[in-house]
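What follows is a pair of complexes built around chain A, which joins chain B in one and chain C in the other.
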Partner chain A sequence: MLASLMQQIVSGLAIGSVYALVALAFSLTVRALNQINFATGELFMLGAYFGIAFTVMLGLPFWMAIPTTAIAVSLVGVAFEKLAYRPIFKANADHPARLHILIICSTVGTGIFLQNGAMLVWGAQALPFPKVFDQTPLDIFGVLIPSEYLWITLVAVLLMAVLNFFLQSSWTGKGLRAAAQDRETAALMGVRLSAADSWTFGLSAGVGAVGGLLIGAISFAYPTMGAGYALKGFTAAIIGGLGSMRGALVGGLLLGLAESLVIAFISSVYKDVVAFSLLLLFLQFKPSGLLMKPVQRRV
Partner chain B sequence: MSLLEIRSLSVSYGRIPALRDVSLDVEEGEIVALVGANGAGKTTLLKSISGLLPRTPGSIRLEGELIDKASPANVVRAGISHVPEGRRVFPEMTIQENLEMGAYVRHREAGVGQEIDAIYERFPILGERRKAMADTLSGGEQQMLVIGRALMAKPRLLLLDEPSMGLAPKLVTAIFSIISEINGNGTTILLVEQNASKALGVSNRAYVIENGQIVMSGASKDLVSDRKIIDAYLGEAID
Partner chain C sequence: MKSILVLVAVVGALCVLPFLGGNAYTLHIYGLVGIYAIVAMGLNLVFGYTGQISLGHAAYFAVGAYISAMTTIDLGMPYIIGLLAAIVATFILGYLVGTPSLKLEGAYLGMATIGFGEIVKMTLVNWEDVTRGPTGISRIPQPELFGLDFNTPLLRYYFVLGVAVIAFIVYWNLVRSHYGTRFVAVRDSAKAASAMGIDLQRTKTLAFAISTAFAGVGGSLYAHVNRYIAPDAFGLGESINLLVMTVIGGMGTLVGPIVGAAVVVYLRESLQVLADFNMLIYGLLLMLLMVFVPRGLIGSFKLFWQKRWGHAESQ
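And now, the complex of A and B:
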């Protein structure tokens, strides 16, 4: 019992750290642009396919596939910004309400496009990922833990640390944070806003894609795999506070743990109920999440 | 050649005109004040200089170079720093980071750290709280921070939009003495103010704007004693 509980917790943290990556992908565009990218799940899915492409077709080792996948899907995100976001933003910048609706349409549409594109290129059926993680479980105090879960957690947390360091310490990162807080003033400091927006979409896409890559690596890649993770990641972002980086991590891990505890003590049948109940509860009673101050932000 | 030369500039918000046929010069080394009532178009003029608003028709030149098609990011690179109305600190950044953002356009140059120290020397209160988030500062401290931040870009021309707005009288005096000090160190200033008597007191020349049009200009010391100016903008302040 204890062993299986331990295993559930470890797998819960691993899946939760992937939720955290997706939550972060959502939060990046919300924070910078006040827009939800509804293609986040499909960029996640691209991560899994690009991972297969890099490891199987190009023969890269898995640790190399992580940065190459992140960069490749980031470039997809940059193209996304230039083609599906910027023209709409430029034409409607003075009409925030209309802009929101159009961006929802545009990102939903891009998601459908990416999903169908993946189906055309790779087919509708699930593609198996090569076994990249060591299959012998780790023996921790007599409890056997599949090592892949530890790797997933490690890679996800490391990626978030790197991103955090980039945003806090690099000049580009500081410019992005400034633009997220006050676009006009950031422009007066010399931040090029359209470049900042490209960065935002690129980072968001890249972070989500690594999540897809990690999930792909322990299961399969298939065109619709992003939908469920997008919903879970969005829930995690709401729990932690949509727009907050630490909130994404906390919300992701909490959701992952909650799901695994439900599996351990009740039944895996009810796993998804957890996320949706939490989503509804938070939206109803604490929409700003655990870590976001419900502050008024300047636009 | 003027440092800043604006000719026949008109700007509108949609179909509503906000500036009509505005011409204005700022010479190297001057403090030029732009005074006018609420909604006269002062902020609009500064925003169009710094590229935040699209500008047609008319021309804006910095040392003879046309800058009226330039983006805000390029205007600041050309040497114009704009301190916007309303103390726009980056609220979720520390004081130190706010000042660093001021040097965003010159971050490849050496010595940014020393210049931040120089700002701390001029504004000791900022130095004491350098790790504090900017939104924890008082209004006066935030005003010093945004002025210090603009100086970090080493501008040739500093645009100040109502730096004394909403500050206690003692702080207003402090801000105006900071303005003349900055000018004494060689920075040309275009100052927008509703506090006309203080603005005329600190500046060399001034323009009066009404309903988007320049209605009067001249040496500040002449304008202070002009009957129309006294009636319209100085009122009790002079009595």
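And now, the complex of A and C:
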């Protein structure tokens, strides 16, 4: 019992760290642009397919496939920003309510496009990923733990650390944070806003894609895989605090843990109910999440 | 007066429409346009006039459809009772859900409505004793009113048209009433509206509940005209479709949602010939329309008219 509980917790934390990556993908665009990218799940899905393409077709080792996938999907994200976000933002910047709805529709449209594009290119059936992780489980104090879960958690946390370092320490990262805080002032200080928006979409796409790659590596890639993870990732972002990096990590791990405990003690049928209930509870009672200060309500 | 004449002329034209080479299939499609137009009109009250977001309206469409179907089948009531039950149930549900949700804004409100929509869909799938689960409800009786059976495609088309015209008149009067003015005030400046003594929360919730009742009417018609309903048809994709209709037609314009419903139903039917490329093109078109026609077809037309003739068409 204890051993299986431990296994559940480890797998919960591993899946949770992927939720954290998706949460971060959402948080990046929300923090910088106050817009939700509804194609986040589809960029996640592209990560899994690009991962297969790079490891199987190009024969890259898995550790090389991670950065190449991240960069390739980031470029998709940048193209996305230039084609489906910027023209709409420019034409409707003075009309925030309409802008919100137009961005929802255009990102949903892009998501439908990517999902069906993937279906045409790779087919509707689930595509198996080559076995990249060592299949012999690790023996930790008599508890057998599949090593792939530890790898996933490690890669996800490492990626978040790298991204954090980039945002805190590099010139580009500082510019991005400045633009997220106050666009006008940042522009006056010499931050090119259009470049900052491209970076935001690129980073968001790349982070989500690595999440998809990691999930693909322990299961399959299929065109509709993004929707469920997008919803879980968004829930994680709300739990931790939408727009916060630490919030994404905390929210993701908590959600993964909560799901694994529900599977261990109740039933796997109710796994998805957990996420929905937490989403609605947090939105209703604590929309700012655990780690963010409540937003000042105007009027 | 002029606008009433236009309305009469349009309704007259729609009455003759089936005789311009309509078969059972085209009549079914025209009926669908009418049904979706009703739902889109309701959504326009929320999106276009009050400036709020809902990404879960398929849930109310579903509740209307299920309540109406179950009232007529399981309780053996006449159709009109099913329709009224659908309206009342969706209005109350919209009011109950809207009261806490509409405190949220923008993206948060969007996600809360998605969450509620998914919960309704899960309930439809899992509460098998009542909803018959994933297989759905089939052999739903055709609409009938006071002994008159709408048992041919043509009669069903006229029935949908009749309900849609009534819905339009209600919607039109609502927009022109002081409620409509309050909706627009909340959209344009919540601060100013609140200072003028408008209760923001009540106004938003009222707009939301009325729009969910419109979705309930549409759902009831859908159930009895289509005669088969299943939870699959009422997911997030359907909510997005309903939103797209409102946006493509023109948010905050009177007839935008009707045009939008026609365009989306037509697009989805005609893109079927593209087989596998169907949804790919639909996604691309959706994106391109947001870039090039952000005000929607009617909104852009009005703008063009203003530039060309230098004055605004009323409404």
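The rule is simple: the second predicted complex is superposed on the first by the 294 of 299 C-alpha atoms of A that agree within 3 Å, B and C clash if a C-alpha of one lies under 4 Å from a C-alpha of the other, contacts with A are read in each partner's own complex, and residues count from 1 in each chain.
As a convention for this text, contacts are C-beta pairs under 8 Å (C-beta built on N, C-alpha and C of every residue); 3 or more make two chains touch, one makes a residue touch a chain.
It should be emphasised that the depicted structure is a prediction, and the values quoted were computed from it without experimental measurement.
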For A:Ile112, using the defined touch cut-off, is the partner it touches chain B, chain C, both, or neither? Pick first, second, both or neither. second
Pick one for A:Arg192: touches chain B only (first), chain C only (second), both, or neither. first
Larger contact residue set on chain A - chain B or chain C: C
Go through the superposed model and pick first if A:Lys286 touches only chain B, second if only chain C, both, or neither. neither
Looking at the overlay, does A:Ala178 come into contact with chain B only (first), chain C only (second), both, or neither? first
Considering only touches as defined above, state whether A:Leu120 meets chain B (first), chain C (second), both or neither. second
Give one of first, second, both or neither to describe whether A:Lys82 is in contact with chain B, with chain C, with both, or with none. neither
Counting only touches as set out at the top, which of chain B and chain C does A:Ala91 meet: first, second, both, neither? second
If we overlay the two complexes on their shared chain A, which of chain B and chain C does A:Phe276 touch? Say first, second, both or neither. second
Footprint overlap on chain A, where chain B in one structure and chain C in the other make contact: 298
Seen from chain B, its contact residues with chain A in the complex are 14, 50-52, 71-73, 76-77, 81-82, 84, 88, 90-93, 97, 100-102, 104-105, 107, 149, 153
Write out the stretch or stretches of chain A touching chain C in their complex. 30, 34-36, 83-84, 87-88, 91-92, 97-98, 100-106, 108-117, 119-120, 227, 231, 234, 238, 242, 272-273, 276, 279-280, 283-284, 287, 298-299
Would you tell me which residues of chain A are touching chain B in their complex? 94, 171, 174-175, 177-178, 181-182, 184-193, 298
Which stretch or stretches of chain C touch chain A in the complex? 47, 51, 53, 55, 100-101, 104, 106-108, 110-112, 114-116, 118-119, 122, 187, 190-191, 194, 200, 236, 240, 243-244, 247, 251, 276-277, 279-280, 282-287, 289-291, 294
